[in-house]
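Below you'll find the structures, each written out as structure tokens.
Two complexes follow with subunit A in common, the first pairing it with subunit B and the second with subunit C.
Moving on to the complex of A and B:
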């Protein structure tokens, strides 16, 4: 009797392991091992082309923190990008979620349309937007000219480049935020709103006192993930601006890429990556703390 | 459950047995060849490789192609992972960088002095690092100015056809202003005076700088003799002057766009275009555009950057002899002719010119003469990758409005730091 139960339990474990193993293997192989090796490499002077590695200790970190003004600048650019991205995308995603929640005919199609950019490759999207933003041939300037607005150099003017990249990424990613928040909204029972309405609560009051608090877990997830991904933004910058004009879109990930693959300083680039990793970790922990703290209050 | 185990076991068994079968059958060698994803290069190389495989049935060449921007990264990561392609296309001036790091196989034992004497000396120089040959030229390059004959006829301008009568940049500028069309005056011309598919690259835009100085002077050399500094070179007065002109072309006179669109010239969006001889081949795809070529404008001396792509063998190849065989075949006397016939690029072999009379006739003759009389290689340094990247970024920033002096000053500091590594 006891034996059969044990084997059954073993069987369950075995099946579970079978499902989990590919993912664990994948994450170990493609995430954890590279992270550990990056950490190791960050203590070396390691040129991508030669096998020679010289141990430097913390020298790479010291140089980056004390002297690398391009790195400091890239941190600032990334911070601005991330803060704006989170604020705009969450607000817009929430607004869209409220809209597509309505039971109107054809709303399913609208939902899908908003979600299409999410499943499209960033490389494709960035290339298309490169054309849309083109100063002379781009469709955006053509539309603006209909309203008498002079042509703008969206990606070649340092003032517009970062907002332009930001707008494109928000457009691409907002569908995902919308879907998460939509599922959050749908899990709030309708009866709460009915009760509030009977008590004479206005729409704004219901939103503030019912929707927002109950949406907190979904909001937390959304804010943390957008922050993490914003700090790692690379592809649109690589394709659309190469960090320019005048370093206005030099985000940290692009700066790391350049150190690694243009200047071949793999050790130094790894040190920058480790620092980026630490920064993202700290920010995520703080964010979770804040959101959770609000929950208990 | 049993079924899953059985299936897994079967798959594993099949995989395992498959390996020795493949090995037993194949004494054949497979060579990995990395090259550029760009026409007409693809057609030309594929033609030559097909011939190679027919001649050597035991060698199979598997070709991988990447866009120009990815080429260096692809090679660097392949080298870092210890698994580089056997034969690869590299940017000629990068031979020094790769050779410095021991990435390339020395080629001297595969070529006799007599073999080598057929290559153009400047190409051989580009493929040599510290007296050892590491890469051989696929072709050569020289730049000229393509122009739209209809637009110039309408403006009443007849551009010169000989190097001796070539326009200087100030003269060319007045002409470019005349062919620029901005009918609604929004500062956004419908037809630009000049376009440049090499977009702000040192290869192309660098000629403004170097043509503004005498050979041997700092602004011409752009790197100290011992290769340790660019102070006093990259920030010389002639460089500042030329770069100011370059900026004004984009921002003040608005004859050149800050951002190119693909094939602007061939779509009638620009009246002229800076391009190598390859443009002559590409022109066949655009029969509706009537075009001709005029020498590249200059400031003080006629100038073009020479140098093009080279082939090299990875030092770590498992089949050095077969790889060298393929490399030699790619650029032998016969295939140098084939390559140029398909791509219209300038051959890097003297014997090819004798067999290709088309390079004696206009327009290709202009490119040939430009290379011979005005051609200069790019600065030679193992830090070329870093040097070029920083310069190209600086030139682009200047075109987009960055302060010329400050940009060059920062470029000097950054390049000096990179040079220190070597």
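Moving on to the complex of A and C:
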């Protein structure tokens, strides 16, 4: 009796091990080992072509932090990109969510259309917008000319390049933010608003004192995820501007890519990657701390 | 009465116009993409300025761009490559994640929490910061320049495992306990109790992994060298950077590359939106 119970329990362990092993193995091999080896490689001068490895200690980090002005510049560009992206996309996503929650005929189609860019690939979207932004053949300049705005070189003028790339990514991703915030809005009971209306609260007051506080978890989720993804932005920059003009769109991920796969400086690029990872980790931990703090308060 | 009726009618028209105005910026780029893919080279940018309906709708539509693309440019091959890779990643991810999520949500075993923390901890690791060592690992396993190199590294997806586990936890436990008493194995419970109750999350997870794999750009750009194994996204970007760019073909390629994901979304959006909302609530 005791024996069979024991073997049955062991059989469960065995089954559980079978169920979990593929995922754990895959994550170890393709996520954990790379993190550890990124750390290791970052201490070397490692050129992929010559396969030469020389131990440098912290030299890569010292060089990057103290002397690599391109790296410093790329951090600044990425920070500006991330802050603007979060602010604009959350505000716009919330506004759209408030609109598409109304029960109007055809609102489902509106919601779907706003979401379509989310499920279109970044390469496609960036390629099409490349042409929309084209200084002479682009459709955006001909739309703007209707309002008397002179033609602009959106992607070739260092002043407009980053905002143009940013606008395109907001256009692509705002549907996702809208859907998350919409489900947050829908989870707020209608009776709260009715009670507030009876107490004579204005629409703006209801929004500030009911909608915003109760939407906080959804808002925070959206803010944290947009931040994390913004710090990794690569594809639109690669396709639209290649980091230019005049490095105005040289984000960190593009800078890493160039160091690794154009200059073949794997060790140095790994050091940059480790720092990017650390920055993302710290920012998301701080953001989540703020969320928790807000909940307990 | 009639005055009030007409006022309401007017209001309705305003609302519809407002919504149309809202949708326009999301719709026009796609209209422009598809419209331009049906243009001849001579007509390509002829009607961009001034802005008329001709800017978006071609005067003499032609499918010659598609014919060129699929014929001499082997684009169909790249399309199939992407389809094969994305479908494989999706199927394998769903299978492995369902098994792991079941064990994490339903079974007690030693080191369970440690293994789950391992999964959670890697959820936040940005791909860009590990792409170099990942490349070295995959090269070490002799998987660079192969389809397995495009597929295998992505099938253990921590986010999908987490999403499924959270969803499985919401399914009442008495259902599977009853099945176990009836002599069902764990695999049987997963197949006959859990999965049939998890449609929305399976569709969401499936669509997400398909999208990620279909959209992947940097990874295939790095790992694939032989043109025969090129995926569609890399093919589009290389069309873009040739000396003479045939824009009609670029637009046609973009249209073709958008079709599978947009069609899948439109067909499954009811489940997908539910699943995404769930993922937003469960963080």
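The rule we apply is simple: the second predicted complex is superposed on the first by the 267 of 297 C-alpha atoms of A that agree within 3 Å, B and C clash if a C-alpha of one lies under 4 Å from a C-alpha of the other, contacts with A are read in each partner's own complex, and residues count from 1 in each chain.
The rule is simple: a residue touches a chain if its C-beta (ideal position, glycine included) is under 8 Å from a C-beta of that chain, and two chains touch if they have at least 3 such contacts.
Being a predicted model, the structure only gives us computed values, none of them experimental.
Peer 1: Does the superposition put A:281 against subunit B (first), subunit C (second), both, or neither?
Peer 2: Second partner only, subunit C.
Peer 1: If we overlay the two complexes on their shared chain A, which of subunit B and subunit C does A:244 touch? Say first, second, both or neither.
Peer 2: first
Peer 1: Pick one for A:188: touches subunit B only (first), subunit C only (second), both, or neither.
Peer 2: neither
Peer 1: Figure out whether A:92 sits in contact with subunit B (first) or subunit C (second), or with both, or with neither.
Peer 2: Neither partner.
Peer 1: Using the superposition on chain A described above, determine whether A:49 touches subunit B (first), subunit C (second), both, or neither.
Peer 2: first
Peer 1: On the A-aligned overlay, A:196 touches which partner chain: subunit B = first, subunit C = second, or both, or neither?
Peer 2: Neither partner.
Peer 1: Is A:231 touching the first partner subunit B, the second partner subunit C, both, or neither of them?
Peer 2: It touches subunit C, and subunit B stays clear.
Peer 1: In this superposition, which partner touches a larger number of subunit A residues, subunit B or subunit C?
Peer 2: The partner that reaches more residues of subunit A in the superposed model: C.
Peer 1: Which of the two partners, first being subunit B and second being subunit C, lies in contact with A:135: first, second, both, or neither?
Peer 2: The answer is first: A:135 touches subunit B but not subunit C.
Peer 1: Applying the document's definition of touch, where does A:79 land relative to subunit B and subunit C: first, second, both, or neither?
Peer 2: It touches nothing on subunit B or subunit C.
Peer 1: Of all the subunit A residues, which ones make contact with subunit B and with subunit C?
Peer 2: Touching subunit B in the first complex and subunit C in the second, residues 15, 18, 137, 141, 145, 261, 266 of subunit A appear in both lists.
Peer 1: Using the touch rule from the top, collect the residues of subunit C that touch subunit A in their complex.
Peer 2: Those residues of subunit C that touch subunit A are 15-16, 19, 22-23, 25-30, 32-33, 36, 44-45, 48-51, 55, 96-97, 99-100, 102-104, 107-110, 112, 115, 118-119, 122, 124-134, 136-138, 152-156, 158, 161, 185-187, 207, 211, 214-215, 217-218, 222, 233, 236-237, 240, 247, 250-251, 254, 257-258, 261-262, 264-266, 269, 273, 276-277, 280-281, 283.
Peer 1: Give the list of subunit A residues in touch with subunit B in this complex.
Peer 2: Touching subunit B from subunit A are residues 11, 14-15, 18, 47-50, 134-137, 141, 145, 150-151, 153, 155-158, 242, 244-246, 258, 261-264, 266.
Peer 1: Hey, which residues of subunit B end up touching subunit A in the complex?
Peer 2: So the residues of subunit B touching subunit A come out as 1, 4, 72-73, 76-77, 79-80, 97-98, 101-103, 186-189, 257-259, 261, 269, 385-386, 389, 393, 396-397, 400-402, 418, 421.
Peer 1: Using the touch rule from the top, collect the residues of subunit A that touch subunit C in their complex.
Peer 2: Residues 12-13, 15-20, 22-35, 37-38, 41, 96, 99, 104, 106-107, 109-110, 112-117, 119-125, 127-132, 137-139, 141-143, 145-146, 171, 175-176, 179-180, 182-184, 187, 217-218, 221-222, 228, 231-232, 234-235, 238-239, 253, 256-257, 260-261, 266, 269-270, 273-274, 276-277, 280-281, 284.
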